[in-house]
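Each chain carries a letter (A, B and C) given by its place in the written order, and its residues are counted from 1.
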Amino acid sequence: MTNTRTVLEVRGLDVEYVTADLPVRACADVSFTLGRGEILGVAGESGSGKSTLITALTRLQRPPAVTTAGEILFHGRDGAPPVDLAALDARELRRYRWTAVSIVMQSAMDALNPVMRIGAQFADALRAHDKALDKRAAWVRAAELLAMVGISGDRVRDYPHQLSGGMRQRAAIALALACRPQLVVMDEPTTAVDVVMQRQILAQVLRLRRELGFAVVFVTHDLSLLLELADRIAVMYAGRIVELGSAAELYRAPRHPYTQGLRDSFPPLHAPLRPLSGIPGSPPDLRRPPSGCAFHPRCARRIEGCDARLPLLEAVGDGHQAACLFNTREGAGR
Amino acid sequence: MTATTLTPADPAPGSARRRVPRRWRFLGRRLGFYLAAAWSAITLNFVLPRLMPGDPAAAIIEQLQSAGGQQVDVQTLEAIQRLFGNPDANLWQQYWEYLGQLATFDLGTSITYFPTPVADLVWQGLPWTMLLVGTTTVLGFLLGTGLGMVAGWRAGSRFDTLVSPLTIFVSAIPYFWMALLGLWVFSFLLGWFPLSGGYDPDLPVGFNGPFLLSVLHYGAMPAATIVFSAFGGWLLGMRNMTVTTVREDYVLLAQAKGLSPRRVLLRYAARNAMLPNLTGFAMALGGVVGGALLTEIVFSYPGIGYLMYAALRQRDYPVMQAVFFLTTMTVLLANLIADSVYALLDPRIREEG
Amino acid sequence: MRTEFLRSWKVRTGLGGILFFVLLAVLGPWLVDALLGVDPRANDTSAIAQPPSGEHLLGTNQFGEDVLAQTIAGARGSMFVGFLGAAVGTVMAILVGVPAGYFGGRVDAALNFVTNIFLVMPVLPLILIVAGYLQGTGLWVIALIIGLFGWSGGARTLRAQSLSLSGRDFVRAMQMLGERGHRLVFAEVLPHLTGIIASMFLHAMIGAVLAEAGLAFLGISDASAISWGTMIQSAQTQSAVLRGLWWWFIPPGLCIALIGTAAALVNFGVDELANPKLRTARRKTVRRTAAALEKTGSQA
């Protein structure tokens, strides 16, 4: 199964929130594969489990969240056997942090320590993974990294509050690339900035990916953004991936009613207009998930059995998977 | 290293030029406030005796007469008159005179130990109190903040669930009762420490080994009670702040960077969690000083708390006022120091007061 | 919804403790009379400074007074000062803090300045001087003084809270509708602060009980009134420690510490409920999570 073109394989990941009464299953049986240098978009409403997925992938979860099952296999550059990030203990894990997987958080304002200079926050990441690097060299490297995202290198001496919102966000991206990770997890990194800055940042991410070759898991509620940015897209609903496929395919022919609903809820940028429609209802309460397919109470194409049988992710095309009974019926009928 | 694409750097607020003045401006404003506070305390000291109902001067003189069984001498009368103001003199005139006397550190004359100047009495006690309160405040702050940090970092651990409720209990104990307990257990029952005083009276006073050792020995119990009573507040504050801060994104990111847990805790979580504790210093310090004054009384420690107690019983108002004046000034000074540390630790310096 | 806060054991224990002492304060004298059959001021000359025994459960003091009877009777004095002092202090805090935060501008500048002055001033020596001038004070006056000098912390909190409230939409909307300033403050803003004010009141009550004890300890109190403070004070002046009469000074101090703990527990518990971040740090959650981790065998 080891494949030099694969960087991450997630298999059957379950994440639960331990609560006083019923445990909440925020991620259920999540599986996907990520190729080297690929951008995988993860889309979903709030509460769909996409943020939980991020903290599980990066092993940043805090009680009461617990990964109860599954593997997160990371394939290094060297072709060595993959390591299961979910099974490493804290000490071993530290070696893989930032050098294998790094993260860009939603708000750089909150993600940067307000009382430390920008340079110091780069330097301690750099020096944690390269003991030979002295302080001076680390700061020089920090300035180079800032310059890479178009921020003047002398800004290393600034504190986060002295940078503008867009600069902070780009600095956070530069910080994520400091140790040349093979995978960068991005958690809605452009929600805190305006649209113009958003486009600049996305263009920069694409350029840097081309130059440095890292893969990206890009999480957002904004499907339209992913359609332009991502190579492949996974759509999450109620903790499960309900559809997974290439961005173009997903846009042209979504196979899950939820994906379709998401697509039809915003106007296309580069295509003829079509009637807009939203998705009625609201996301389910994960403490008491609906029986069968979690989407069935909101689904317009509901058929018999949707409230009883849990649809599994099945191939519906070339590299295109969806979890909907409707597809299965259709396929069977053909 | 890749070539840089030149995205024009967007204009940022606060370049290097503005950074330094900002910090100083904050401290300047605080200094201004403390000066105003000092002036208020000084004025309060002047106004209070003049606001009292009836004729307190006459009452005191009467009381002294009945206590001494003889006529009060002229000098004492003058001291009392000066305190309450000559009813014939202009209030403004009195006020300026009062300020002038303060400026030359003339705090009046003690009624009990007539004609000893109050300043002399206070100077005798002040170093002891400064020593006791200074060391215990710093120790209590460090101990409380340190333990609170550990409890908050390992929130829900056995240490946390044991220590935090216990601290709630300890910090609810009045200082002087804690002092009585300590005195009873360690000095009376166990006999480890002396029962009263600040130093061994049989030793010559001076900077020599045996004397300083006796100072340590005599001061240990009062200091321990103050630290024990005071550290709880810091601990609980720090614990809750740490619990909250640990969940901040920047702490999470520090962890994601693969830093050692120690570094994450100290440089990221604790440093930020500590800031509110430092701003809370003002409120706490007044309480600690008040508690320390009471503790001194239990141990008959030769500081100004004990002096004040004696003055209170003898109704020696000039001494009481001097003690209030001095403690206020010291507390204000300590706050200014705390603010400076804060300005050093937090580059953002939010101005709140 | 209203009883949500009772779900925390800390809140329940704390409220229980406070209720106990309130009952003690209300029923104390009757209890002493009916159950013990001892007058707290009666001098039993046959039992001077006796350790606890069947006849005097907590022993007697230097004057042959029953310590248990005094402790129970003292609850009334201490709680009275606690409640009155806290009431005065809370009202002051509301009168200063809420307008400062709500109106802002010059009103705020002036009120906030005064608040900060009282905040940094060491209050105990100040109260001492005032109480010292007012010779022969009663518990009423003590409580008033404590309240009048101990409001600054609460005012600061309320100022910050009403500052944020004054920017909220519903307040803005009422302003647009032409609602008058002071009516808005009391009818719209204040109700949103009841939770904070309640917790402040508890805090102030403990502060006042402690302050009364401190003042009584210094001999500033109504000599005829029995409170926990006066008990400790007379123990101190009679050198109870040096004679080993521990049963004399331990009960009143313990009562103060217990009621203080009760109030602090309530505040702590309410904090935990209001701040979900603190809630997840509870032992139960941590243990459950650890158990869940154990089951899956991953992670250290």
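Everything that follows uses one rule, which is that contacts are C-beta pairs under 8 Å (C-beta built on N, C-alpha and C of every residue); 3 or more make two chains touch, one makes a residue touch a chain.
Here the structure is a predicted model, which means the values were calculated and not measured.
Contacts between chains leave no pair untouched here, as each chain touches all the others.
A comparison of the A-C and A-B interfaces places the larger number of contacting C-beta pairs at A-B.
One inter-chain figure worth recording: subunit B and subunit C are separated by 22 Å, centre to centre, where each centre is the mean of the chain's CA atoms. Between the Cα centres of subunit A and subunit B there is a gap of 52 Å. Residue positions of subunit B touching 2 or more other chains: 156, 247. Of all residues in subunit C, those touching 2 or more other chains are 285-286, listed in ascending order. In subunit A, the residues that reach two or more other chains under the touch definition are 62-63, 90. Those residues of subunit A lying in contact with subunit C across their complex are 16, 18, 20, 23, 59, 62-64, 66-69, 86-87, 89-91. Residue ranges of subunit C in contact with subunit B, taken from their complex: 112-113, 116-117, 119-126, 128-130, 132-135, 153, 206, 210, 213-214, 217-220, 232, 235-236, 241-242, 244, 246, 249-250, 252-253, 256-261, 263-265, 268, 271, 275, 277-278, 281-283, 285-287.
Taken together, the subunit B residues at the contact with subunit C in this complex read 33-34, 36-37, 40-41, 44, 48-49, 52, 56, 59, 152, 155-157, 160-161, 165, 168-169, 171-177, 180-181, 183-184, 188-189, 195, 236, 240, 243-244, 247, 282-283, 285-287, 289-291, 293-294, 297-298, 308-309, 312-313, 315, 317, 320-321, 323-324, 327-328, 331-332, 335, 353. Within the complex formed with subunit A, the subunit C residues making contact are 280, 284-286, 288-289, 292-293, 295-296, 298-300.
Listing the residues of subunit B that touch subunit A in their complex gives 1-2, 4-16, 19, 156, 247-250, 252-261, 263, 267-268, 271-272, 275, 345-348.
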